Amino acid sequence: MSSIIVRVKQKQISQLVSKGKRLDGRGLTDYREIKIEQGVVEKAEGSARVLLGKTEVMAGVKLEIGQPFSDTPNEGVLTVNAELVPLASPTFEPGPPDENSIELARVVDRGIRESKAIELEKLCIEPGKKVFVVFVDIYVLNHDGNLIDASALAATAALLNTKMFNYEIEDGEVKIKPGFSPLPIRKHPVAITFAKINNTLIVDPWLEEEQTMDARLTITVDDEGKICAMQKGGSGYFTPKQVLEAAKIAKEKAEEIRKKLNW
Amino acid sequence: MNEKIEKLINDKGLRLDGRKPEELRPIKIEVGVLSNADGSAYIQQGKNKILAAVYGPKELHPKHLALPDRTVLRCRYHMAPFSVQERKSPAPSRREIELSKVIREALEPSLFLEYYPRTAIDIFIEVLQADGGTRCASITAASLALADAGIPMRDLVAACAAGKVDDTIVVDLMDAEDKKGTADVPVALMPNFNAITLLQMDGDLTMKEFEKAFNMALEGCRKIYTLQKEALKAKYLNVKEVEE
Amino acid sequence: MNEKIEKLINDKGLRLDGRKPEELRPIKIEVGVLSNADGSAYIQQGKNKILAAVYGPKELHPKHLALPDRTVLRCRYHMAPFSVQERKSPAPSRREIELSKVIREALEPSLFLEYYPRTAIDIFIEVLQADGGTRCASITAASLALADAGIPMRDLVAACAAGKVDDTIVVDLMDAEDKKGTADVPVALMPNFNAITLLQMDGDLTMKEFEKAFNMALEGCRKIYTLQKEALKAKYLNVKEVEE
Amino acid sequence: MSSIIVRVKQKQISQLVSKGKRLDGRGLTDYREIKIEQGVVEKAEGSARVLLGKTEVMAGVKLEIGQPFSDTPNEGVLTVNAELVPLASPTFEPGPPDENSIELARVVDRGIRESKAIELEKLCIEPGKKVFVVFVDIYVLNHDGNLIDASALAATAALLNTKMFNYEIEDGEVKIKPGFSPLPIRKHPVAITFAKINNTLIVDPWLEEEQTMDARLTITVDDEGKICAMQKGGSGYFTPKQVLEAAKIAKEKAEEIRKKLNW
Amino acid sequence: MSSIIVRVKQKQISQLVSKGKRLDGRGLTDYREIKIEQGVVEKAEGSARVLLGKTEVMAGVKLEIGQPFSDTPNEGVLTVNAELVPLASPTFEPGPPDENSIELARVVDRGIRESKAIELEKLCIEPGKKVFVVFVDIYVLNHDGNLIDASALAATAALLNTKMFNYEIEDGEVKIKPGFSPLPIRKHPVAITFAKINNTLIVDPWLEEEQTMDARLTITVDDEGKICAMQKGGSGYFTPKQVLEAAKIAKEKAEEIRKKLNW
Amino acid sequence: MNEKIEKLINDKGLRLDGRKPEELRPIKIEVGVLSNADGSAYIQQGKNKILAAVYGPKELHPKHLALPDRTVLRCRYHMAPFSVQERKSPAPSRREIELSKVIREALEPSLFLEYYPRTAIDIFIEVLQADGGTRCASITAASLALADAGIPMRDLVAACAAGKVDDTIVVDLMDAEDKKGTADVPVALMPNFNAITLLQMDGDLTMKEFEKAFNMALEGCRKIYTLQKEALKAKYLNVKEVEE
């Protein structure tokens, strides 16, 4: 798209928002349609594919046996990684993770970690020595805006889909036993992302809204309506009033989404 | 873990998944699956799940890499960390770098690269799940993604492997056959030109065995070619319906 | 090593270092401390010791990264290997890369980037000693370094965190509180515009708790803003004295 | 060389090949002179220098004690690496291995590995724990075409030249004993590379033939005339008939070379 | 500064030197003022900040428990690293260490190592298995010339400031005991750097003198007046006579500085 | 492995390999050994085996690295993985990066770099076997490769080390002497200008010892210079014979 068309479209988006409307017909706090498919990668211990409108994100979970961190010897380890693979967008380039994919991974990670979504203390095999390491790999397949919320949904859906092999300890060695158990999950954090356009807040911005927005604010809310993570992004700012308003809306939207997904 | 597969071919001559030696795995192909790419395709071949996307022709940075008389074709074959049994680091492995090269060279003969001097065409392949034969399935999908992007081509490229397991020559090896078998011969073909654009082999084959495997792989390519054309038609018809 | 801190708030409601919940750590700010940089500032906040330097506006290489309508603001937040308990590798960690981004985005709203098209401004932050709240102290110092470099700005950016330790909302968390506490809310503010330019949070806060912490952090920002202006004045007066 | 001269030369090479001739006087299936010198690096456990016409390749073998792969606990480990060091050609650049050096190393590796040239099962020290790791480092010193065949020859020659120190196990520790034994080698794979020029196959292309060729095909043959590795390269193609013809020639040429080298 | 001004200034510096004078009023073998502050980073085991004129360098020492080198199983390990962080100079760029920072670190390292400044044999915990690893990190904060001498001073000052925790071995594990001991230091190497300008030697060049000089020579001298390290740098040369003259001056200046610092 | 060499100098004052203190190892030099390089040379000095090649003057990419008034001289000293006792990773080590710099700076004074503005000259050095003193042997070979490439020069650069083993000052240290000895002084010299272009030292020498070692190294350089000129002549004569 030429930059003139882009600017015209941005103006249009901006003007509509000031009238409480959006280019795709949504209300200001409406999400695009959410479709979740779990178990899409049989070779992974857990997996899910999320469609948020045309944004498409996959998450895969792999479990490995590794060492705990020295300050949490009785807990499993969570590692979240995100790849903005170049087939998802003309703006993504091959190469090591850049600041955008690192931020994405870390915001999703904080939502899961701070809400204590995984019962990490149940993933200890031998205190201080052997624990399960949970690798959550987020794979963005099509970027049409709001990667954070889609990725957070994919991560949680993949964790809910994850099976751990049964095992027993024999002479200090892990022996695999038949059967699987679900990964112990106690919370379902939901990330709600706002864009500020024309000094107005909207939720779940799609790509062209992201190109128009001044700033971005993500608020992750747990099952009890508590905030467990926030992240402001973009080169603009929010007023304190807008932040508190966003927090209120986030709580409502998260509950709404959790209800819709039966989480 | 250390499960031992005793026999890859049973007494009835059937393979682990019940296939006959010359039988392909179930294949599902879809064209035009990604909204941002200029062209794209998705393939399921057995448990392989692979996406291919094409961006271009487009400008090339830095400019001194551009060629005055043709487009620069670039290709990245990449596996998702969760696509294999043991988590794979997302950094490109030596194997992925080699496969990116041979896949690019398998697709290059099918394209009129001289139509777009000073530009680049990028092919991005993501293996979401791997189950043996990913390089062939990747070529099959990538060729469709190129067609979907409207890149002028001489012919589609279809790819298929054959190999030897338990002394039997079989086509389209799945993961277990690939690992426990004694030879693997991946082949890519432009059927209308009878042109082999990829040929690799590792294992241990007499001349006769090689010839048999080679011909079986070619036959597989031809079958897959038919599926490719159907997938293209399916998209074309859908688009026409939408347009009307 | 595995010393256990039983209580972060004692019976008198005081914190480990004797502070009241709403009390900032001792802060020392100095502007113009490096002779090579176009602008620089040094901050001590508790045991945090941080240097910030600004170079630019300047030419950008390679040129295709330049923007036709504004300057490119770049920011590197970096920790010295000896700044933390366990030696940190000098290669940038994922945490440092994320913080470099959010710090840059916290400073960007304060600048008139459109004044210098096709150029770059570099902000370099070196944490010489870290004691909790380095990102906020870095923003506070970097904004002063930008002012010292004469970059036109709408307002200074002041930053401060608040959080929850032992069920008490407190401001300006030190390392032990940061690690053992249950929530941390770093905030950056342009006081004259009431504009939040950085906001992050991790932990576990009800809406009420969040509102309290948020307001406490804002109050902290305003106090720090006063110190920033004093530091600028101190430099300005010194310079005048020298000039006379 | 200016690109006009290059094009004239390429035309000349192409026309000659169609008449069954080559610029350097060779027949279509003739190799350049092969010179092999073994033991050129005394500090390496094995080494060889190969001259194939003006193409010059060195290979060095180092042995280390390391861990076996988990799926082959009773076998030593083979690692092949190739460096296209920049003194060998104006087109080689310093830096980490690129696709060309990785392909070169992997094709040579497959020839050795798939022909089971090294008796890896004799390199096990303690099953599952300690085995010999065989590092084969290929070092291209002058690039005048057909690096694969020259490198494969150098690798095999260096392996044949390799001495292992004698050892015994004492309290689970490897103790070095006086004397050396040769590395156990059971096969001598030979790689035969074809270039397709003007729709005709030639073997052992030199640099200017490589610059002219449409495609390249390497076929590695073991002592019993079996094929153990193949690799097509280049942006052109082969017909099925050409592939089978090449396989036949490869078998003959490999035997011829093996005879000449007393392998 | 425009390149014309630079050239005029360089000419001026050059002409002054030939008259035995310097732009900042110093004599040819005068150092700038040296200020050293120790213990500036409480979290490090040792630290120091050195001002040499306007050149500012920090050094931090961290101690870790690690493995000895196989050829010195009874000695601790010294590791010197230098970062030319980009806030120190417009010519420093972010990224992995370049040849300048590596040379700086290695010259400082050689001075400490070759003079046997640290009693490394006292840093052995369990021979062949566990020793103290001494990390010296040099951090250049402002570059106004002669980084080598400033860095060498900072490194030695930081080492002199370093405290080791007391420990005892219990069941093969290191147990930390209360209290600290100083790192055992036996020598105080001092690096003296010369610049050759207009065929004349000067010591301690500042930035503009470095931009003018033909070549650089560093001579590190230990407490007994022995030379323990030398390094020529730059694209010019020295005569043998100049080298011997520099060695004589270096011995005097090192003694003078060591006296001033009470080392 | 942990063999202990008791004495590096025997009762007769001879070294491990039978040399006298002031005696060089056997040296073999050949010029023009690589067909692709613009200039090349090979040196054997004891068990050292080193190749040096020169490419250029040539265009420089990216162009903003070019200098308007002189050529950019680049140098890479690199060791083959099999050149030393324990396999060396092919990635450049810190030692190799430092040596690349000092070798470049040892050769630079000998060249008229201002003859070729906006270009680059590359020197590539590959150590195929290392036995002590590789940096000096590399300089000796690289200077000949520059001459062979026809790069205009003031003088050849010859290099040689001296050092102290068992309290004796000796020239041209081999590996065992380098490692067990107490000092090493590598020196490079342009003999016609009496110009020291490389000087390093590590160890522990009194002023007197240093002076002795330094002079012994200079004397070694002069002997090697003679061998360099012979090697050049040998090539020149060969070429003439071929041409006639």
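Per-chain residue numbering starts at 1, and chain names A, B, C, D, E and F are given in the order in which the chains are listed.
Assume a residue touches a chain if its C-beta (ideal position, glycine included) is under 8 Å from a C-beta of that chain, and two chains touch if they have at least 3 such contacts.
For clarity, every value in this text was computed on a predicted model and none was experimentally measured.
Novice: Work out which chains are contact partners of both chain E and chain F.
Specialist: Under the touch definition, chain E and chain F have C as mutual neighbours.
Novice: Which chain has its C-alpha centroid farthest away from the centroid of chain F?
Specialist: A
Novice: Select the interface copy of E-F from among B-D, A-B or C-E: the correct pair shares over half of its contact pairs, counted by residue number.
Specialist: B-D
Novice: Using CA atom averages as chain centres, what separation in Å is found between chain D and chain F?
Specialist: Here the centre of chain F sits 31 Å away from the centre of chain D.
Novice: Once you find the CA centre of chain A and the CA centre of chain F, what distance in Å lies between them?
Specialist: Each chain's C-alpha centroid was found; their separation is 58 Å.
Novice: Could you tell me the distance, in whole angstrom, between the mean C-alpha positions of chain A and chain C?
Specialist: 27
Novice: Where the centres are mean C-alpha positions, what is the separation of chain A from chain E, in Å?
Specialist: Those two chain centres are 48 Å apart.
Novice: Could you check chain A for residues that touch two or more other chains and list them?
Specialist: Only 97 qualify.
Novice: Quick check on chain C: which residues sit in contact with 2+ other chains?
Specialist: 62 - these are the residues of chain C that touch more than one other chain.
Novice: Within the complex, which stretch of chain C touches chain E?
Specialist: Listed in rising order, the residues of chain C that touch chain E are 1, 34-37, 40, 47, 49, 51-53, 55, 58, 76, 78, 80-87, 90-91, 122, 124-126, 128-131.
Novice: Quick check: in the complex, which residue numbers of chain D touch chain F?
Specialist: Residue positions touching the partner: 40-44, 47, 54, 56, 58, 60-62, 64, 81, 83, 85-90, 94, 96-97, 135, 137, 139, 141-144, 176.
Novice: Provide the residue numbers of chain F that touch chain C in the complex, in ascending order.
Specialist: Per the touch definition, chain F meets chain C at residues 62, 64.
Novice: Could you pull out which chain A residues touch chain C in their complex?
Specialist: Per the touch definition, chain A meets chain C at residues 97, 99, 102-103, 105-106, 110, 113-116, 215, 217, 222, 225-240, 243-244, 247-248, 251.
Novice: Could you list, by residue number, the parts of chain F that touch chain E in their complex?
Specialist: My answer: residues 2, 94-95, 97-98, 100-102, 105, 108-109, 185, 190, 193-207, 210-211, 214-215, 218.
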